[in-house]
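One chain, chain A, appears in both complexes that follow, with chain B as partner in the first and chain C in the second.
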Partner chain A sequence: MPGVARQPFGIPPMDKKNAKIQTARHILKKVLTSILTIYVIITISFLMVHFMPGDVIKHLIGTEDYYFLLENNPEELERVITKYGLNDPLHIQYLKYLKSIATMDFGVSYNNNQPVIYNVLKCCKWTLLISVPTLILGGVFGAVLGIIAGWHPGGKFDMIMTPISLFMNTVPSNCIGILMLVVFSYKLRIFPISGVTSGMLTGAEYVKDLMLHMALPLIIMVMFRTFSDFMTMKSSVSQVRREDYTTTAAAKGLPDRKVLFKHVMRNAMLPYITSMCMQMGGLLSGSMIVETIFGWKGMGQLYYQAVTNRDFPTAQLCFLISAVCVVLATLLSDIVIALIDPRIKEKVNA
Partner chain B sequence: MKKSYSKILCMLIAALLVVSFAACGSSGGNSGSKSGGHVAELRIGTTTANDTFNILSQGGIFGRINYIGFVHGNWVYIDENRQVQPYFMTSFNISDDGKVLDFTFPTTALWGDGEPVTGNDVMFTFDFLKNTAKSNYLIHLEKWELTGEGSARLTFSEPDAYQFLLRGAMTVGCIPEHIWKEMVGNPDYGSWTDERAAIGCGPYKLVSKDVDAGVSVYEAIPQNNYAGEITVDKVTIKTYADQTAVLMALQNNEIDCYYAYSSPIDATLIDMVASDPNIDIGESYYAGQNQITFGMTRPAFSDYNMRNAVLKCFDWDLLANVQGGKYGEVPTSNLLAPPCLGFVNTYPKFKQDTAEAEKILNEAGYVDKDGDGFREFPDGSPLDILVVPQYSKDMNLRNRIAEVMMDNLKAIGIKTHIDPEMIANSEIWESNILDGNYDIAIGYTTSGMALGTSTAFRYYVYEPQPGTSRESSWLWGTCQDPEFNSEVWNMIASSSEEEFVSHIKRLQEIFSEQLIGASLGWTKSFFPYRTDAIQGWDNFPSWGVINNKTWTTLKAK
Partner chain C sequence: MLEIKNLSVSFSADSDVLAVQDVTLTLPDKGRIALVGETGSGKSVLLLAVMCLLAKNAVVTGEVLLNGEDILKMNRKQLDKIRGALISYVPQGGGASLNPLMRVGEQVGEPLVEHQGWDKKDSVAKSVEVMKTLNMGNEEELAASYPHTFSGGMRQRAMIAMGIIAGSKILLADEPSKGLDEERVSLVVDSLNRLTEQSLLCVTHDLMFASRISDHICVLYSAAQVEFASTEEILNDPLHPYTRDMVKAIPENGMIVDNVGFAPSHDDFGKGGCRYKHRCKDCTAKCSEMPPLFDVGDRKVRCWLYEDKN
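And then the complex of A and B:
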């Protein structure tokens, strides 16, 4: 008897229609909470930029030029200040900020004078190119290896994989990143040193070149994701394996494979799916360290450069995207769990 | 179950192999040219973004390499000896009163799109720079006119002609009327992203770019040979993640040299390539420097004896090492670094002499009167020196310098402290600096400022430029000596090189006599380049091998 499909606590099934309404209400409540959270994040991001140390106008045009204009051409300085709305009262700036978010007009980057949204979308593309395969490959490898180790805790496979996994979860990604860069790119010259492509290529050449460039950062990120997911899945499987219904299934004489796939995995997947949903929140944030080491022009590197160069509009949008993604991922995880976990269903409908 | 394990393991190994095999076949390349002939391709590595292509923007590597008249045909250039040399202006003459600049320009030059450069373009340029770009260098420009075919005259209301050449040389040049007339009156000209915004009349034209890859490719325009025959046919610029990646690429022969404005390779990294026989590390004196400014409006450092004693107590060798590693050098007392125009090399180098420092303080009455182990003012009031490192991105180094100084001061019985708010908040730091609330300020002069007309002396003046107020000026200094102040402003407004040099020489004398502050060390700049395929490199001090002469001096090896 599969653990999920039946009602494990013996509570009589509720009226289906009523149950659906209750679940929908639960989801709606989560959606509203998420919207409120996003609004609070937007407000915090506005206040954060306006109260952080430093004079925005001096960062915009440079301190030397600021004083030069102040001394020689104050009209021009005033024009720049007006252009960026820095003279407006705080509440007007806040309303303008909300409007800019609604219209997706995030202004111009201080770094390269390009629209912020253009820079961010471009970087999103490169981040997704790495983060989606990382999520999928890391998720699959981590799950498979975790199930194997968790099914036979203390076995040979577990004894080898668990220390490796603990090591990989402890070592910072920049150490492994630099080590692999030095070995495979600098010494062995197998992979390119930096960047997303060599440039000026098209068709199959471009794809091959792109794969070469993404190989090292992708391998590192998949490795870290795999070992992190491995620990989650292993602990989940070994826990479910000790449950009464698993023992009962085995005692009934069901073959190992059936017990594993029909009883253990279906229950062990619940925390894993939650974890995977939460990981989706980081899809657009990128990995700042890995991207910076390999010159991968993703969101992590953009955020890093925006902060170091005090490019406030870009930093603000990067922060917003990261925060909104985390909120949405949490919401997704809540919804998925509400739909698939009978225990949550029970709680909602009770 | 064992079968499943094997299958999974095989799949994992296969996946890794596929990635590894796909990865085989690394990039690389050679410039491949005939010996002694033109360089077919020069590959430049940088850390500056390769994403902005507008001749009127200083953003990105395109903007920065145009400082040396690359795609943008700058009027003149500054050579390795800090002399103004002809470039697009094939000759120039400044009137005795410094207000009129007569110049000639080539009639055979071409824009990157093949159109000829005309006198109308030259006139349009000054109109655009004056009225749309509101160029700082042309504030006093009154009249611009053609005086013949290939000649023109600028008339200023103030003696600004020399300053226009010196300060504007790197960033302004002729712009094409047929393209930029669309942007007349538009203050956002610098962020114009139209493809045509990259068209200039420099010796090169942009032929292709890949912003994602951080690569841009340029081809020579042989007609625009302002500094001689162009010997580099093609230039490729590639952006790397950081300086370490650039050095790896240089050693792996992916690039021929490194260029980044005012950002030489760090001394702590250069040894990575120093032992490679095919690489020259491109060492030269760096013009920028860390320096200290004494708060001369406060009681302690208004006293010459205190300034003298403090400068004698510092461990100068350690300070030089902190900043430049094994390449760091103890500086002389005249503030400037060797590459600066007018630098005089006869001043003594600083030397630590704590016994002498203590003797000076004792004789001046700075002794420990309350027995707490620290000296007091001669009148017995407490002496506690406020040390203020400049707030900036690179403040870790200046914090370390402060640490060394504070240790040295403690060793001769001087109590010191740092205000934590000043090193945590740029506004608090700046307002205190502008108000002169410091005893020892540790600041930094960029290479660009040191080599320009302001020089490091600009940071020491207290009096504003005549006719302006202190509030609207950017004055960090506290030296109220009238001669020093007027010399600085006169130097900045010099109308000829002779005048500039005469002022800067006098400033070095005053500075060394009065000990208004001090350079904290001379460091070296490193712009490494490969020597196996290309010859004729000319390493400009503090600038590197990519300079205005590069396009005409390089030859294939």
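And then the complex of A and C:
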């Protein structure tokens, strides 16, 4: 039918400038939402303390101390209450709370009378030392293995790796942790049993000692991360390779390698990148179980001890940090995906 | 020239399940054949088998000769050389037929980059040119857009452009009219009819669409080839009872549907004789045996009614 008029149809395609503005607008929207979320989290963490059953002062100084002071030294109790500003009306307390967060004043730990922020920063260092390599190594290993298994689902590699990773994903990390401690530290004496360093060491000796101490927790963390990332990547790749555009790519005469890297991987990376970004939210939280088993003085252990010791300011800051990290990680994944996937920003603005 | 000889496809999960049985077909240069049949008759599997794009569990027997060379015997490297360069597969332009993360121009130009070593920029420019020959409208903008902004018809025509861009002379199109309204179908027909240099093997379940794009029609019923004739003969003088029933059901012919039923399930294939006997009004005792493909003049019919005219 040669007489058909030229007519454009479908959604009118966007020009590049317009697309950039839409991306920027989408990202700005996400940033504002994140700021709002963080504000809500801060408010909730404030309200939670005040609406918990019982008196706040009881939570702060402990029930036993409270009754002890009430009976023996009411003036001292009154002094403590005034010190914490608990006589102020709620909105004044709230404003003071906001101000203290804005000025990074998170109070003093009940445990060692050091500023909380100081304790937390010290522990952050040790947690990052484990969590950053875990994120990177686990992410890379998981991706590579997942791609190989997902590209040939049901193949030999897949048949071996998938049961292993299912097993590893179901075994609790404390179980493997203790097992490895017994074998490598107690029986074979290759690695130290617990702690961060042996102390009194400098230079290369110090680094070597530190490496030996972090070896076991790091190996366990990387192992677990690898196997969970492996499952994510494998399912993503095996799903994408069944998509029509993979057939289209092969029908164009692209060799397997190019079909995989140009078409399958790009699409399979989308959920993987989201998962990676979300994992970044856990960078500062540390693994409570692994850190406790190996006596690694990181954030996980700090949080655990703060909760068991009723060290309220420390626990609150730990909670705040992990909440903010999760919000920021979500924001990061939103931004990264919006930059990679053209469908996202337009769907939002449609 | 593409010659398909005794092509059968089964899936090894159960080798009795035949998706395509014994299809013989010759697509001459600049020829246009439509493969017509209902859903599940094996049309799409046939195309994928010719391109060697079926999953690994498919067992393909027979020969597919492209200029005398058997495609089915080629290794992956040889296949990569001919796919998109000598013979192109045009998939259905459905939702996921184009990579959602790549601009359409880049995807349409990809066969040039792959087969002729073009750089990306030139290939995109060439894709605009090819899309212009298909009369798509706004070609520059289309090439710079992502597939999700395309309608089904636009995607379908972008796929056609992708098929011909590297100079491929044989086009295997899979249901290019599926899911499109009449207006969009006309645009696809228009685009296909602009391809005067290429030969076309087009799968469709729409007999009217087939009549607009083809010079010959091959009718498939439940995996078997039941009739092959020129488009005019099929529409005006169908021989096989199935084809006759199908032509009667065309709206212009009164839309007479008097033998409602479904094709038999594929797993009793080869045991039950002619596949259409359950619905056929001319069924005789002989139909419990599978008829061969009889030659009636230039035409081919798989029905015992034409045994004597062979």
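Throughout what follows, the second predicted complex is superposed on the first by the 298 of 350 C-alpha atoms of A that agree within 3 Å, B and C clash if a C-alpha of one lies under 4 Å from a C-alpha of the other, contacts with A are read in each partner's own complex, and residues count from 1 in each chain.
Methods note: a residue touches a chain if its C-beta (ideal position, glycine included) is under 8 Å from a C-beta of that chain, and two chains touch if they have at least 3 such contacts.
Source: prediction; values computed, not measured.
Trainee: Contact-wise, after the overlay, does A:256 reach chain B, chain C, both or neither (first, second, both, neither)?
Mentor: In the superposition, A:256 contacts both chain B and chain C.
Trainee: Applying the touch criterion given at the start, work out whether A:94 contacts chain B, chain C, both or neither, answering first, second, both or neither.
Mentor: neither
Trainee: Once chain A of both complexes is superposed, is A:304 in touch with chain B (first), chain C (second), both, or neither?
Mentor: Touch partners of A:304: none, neither chain B nor chain C.
Trainee: Now for A:79: first (chain B), second (chain C), both, or neither, which partner does it touch?
Mentor: Once the two structures are laid over each other on A, A:79 reaches chain B alone.
Trainee: Which chain, chain B or chain C, is in touch with more residues of chain A?
Mentor: B
Trainee: Answer with first, second, both or neither: which of chain B and chain C does A:244 touch in the superposed model?
Mentor: Only chain C; A:244 stays clear of chain B.
Trainee: Which chain A residues come up in both lists, the one for chain B and the one for chain C?
Mentor: Overlap of chain B and chain C footprints on chain A: residues 256.
Trainee: Can you list the residues on chain B that touch chain A in the complex?
Mentor: 1, 4-5, 8, 12, 19-20, 22-28, 49, 51-52, 54, 57, 59-60, 134, 136, 139, 187, 190-191, 193, 208, 210-215, 217, 238-242, 245, 248-249, 251-252, 254, 393, 424-428, 449, 465, 468, 472-474
Trainee: Report the residues of chain C in contact with chain A in the complex, numbered from low to high.
Mentor: My answer: residues 48, 51, 53, 76-77, 79-85, 88-89, 91-92, 94-102, 110-111, 114-115, 135-138, 141-142, 144-146, 148-151, 153-154, 159, 162, 166, 184, 186-187, 189-190, 193-194, 212.
Trainee: Residue numbers of chain A touching chain C in their complex, please.
Mentor: By the definition above, chain A touches chain C via 1-2, 4, 6-16, 243-245, 247-256, 258, 263, 266-267, 270, 340-343, 346.
Trainee: In the complex of these two chains, what residues of chain A are touching chain B?
Mentor: For this pair, the touching residues of chain A are 53-55, 63-74, 76, 79, 83, 108, 111-114, 122, 126, 141, 144-145, 148, 157, 181, 184-186, 189-200, 208, 211-212, 215, 219, 256-257, 292-295, 297, 301, 308.
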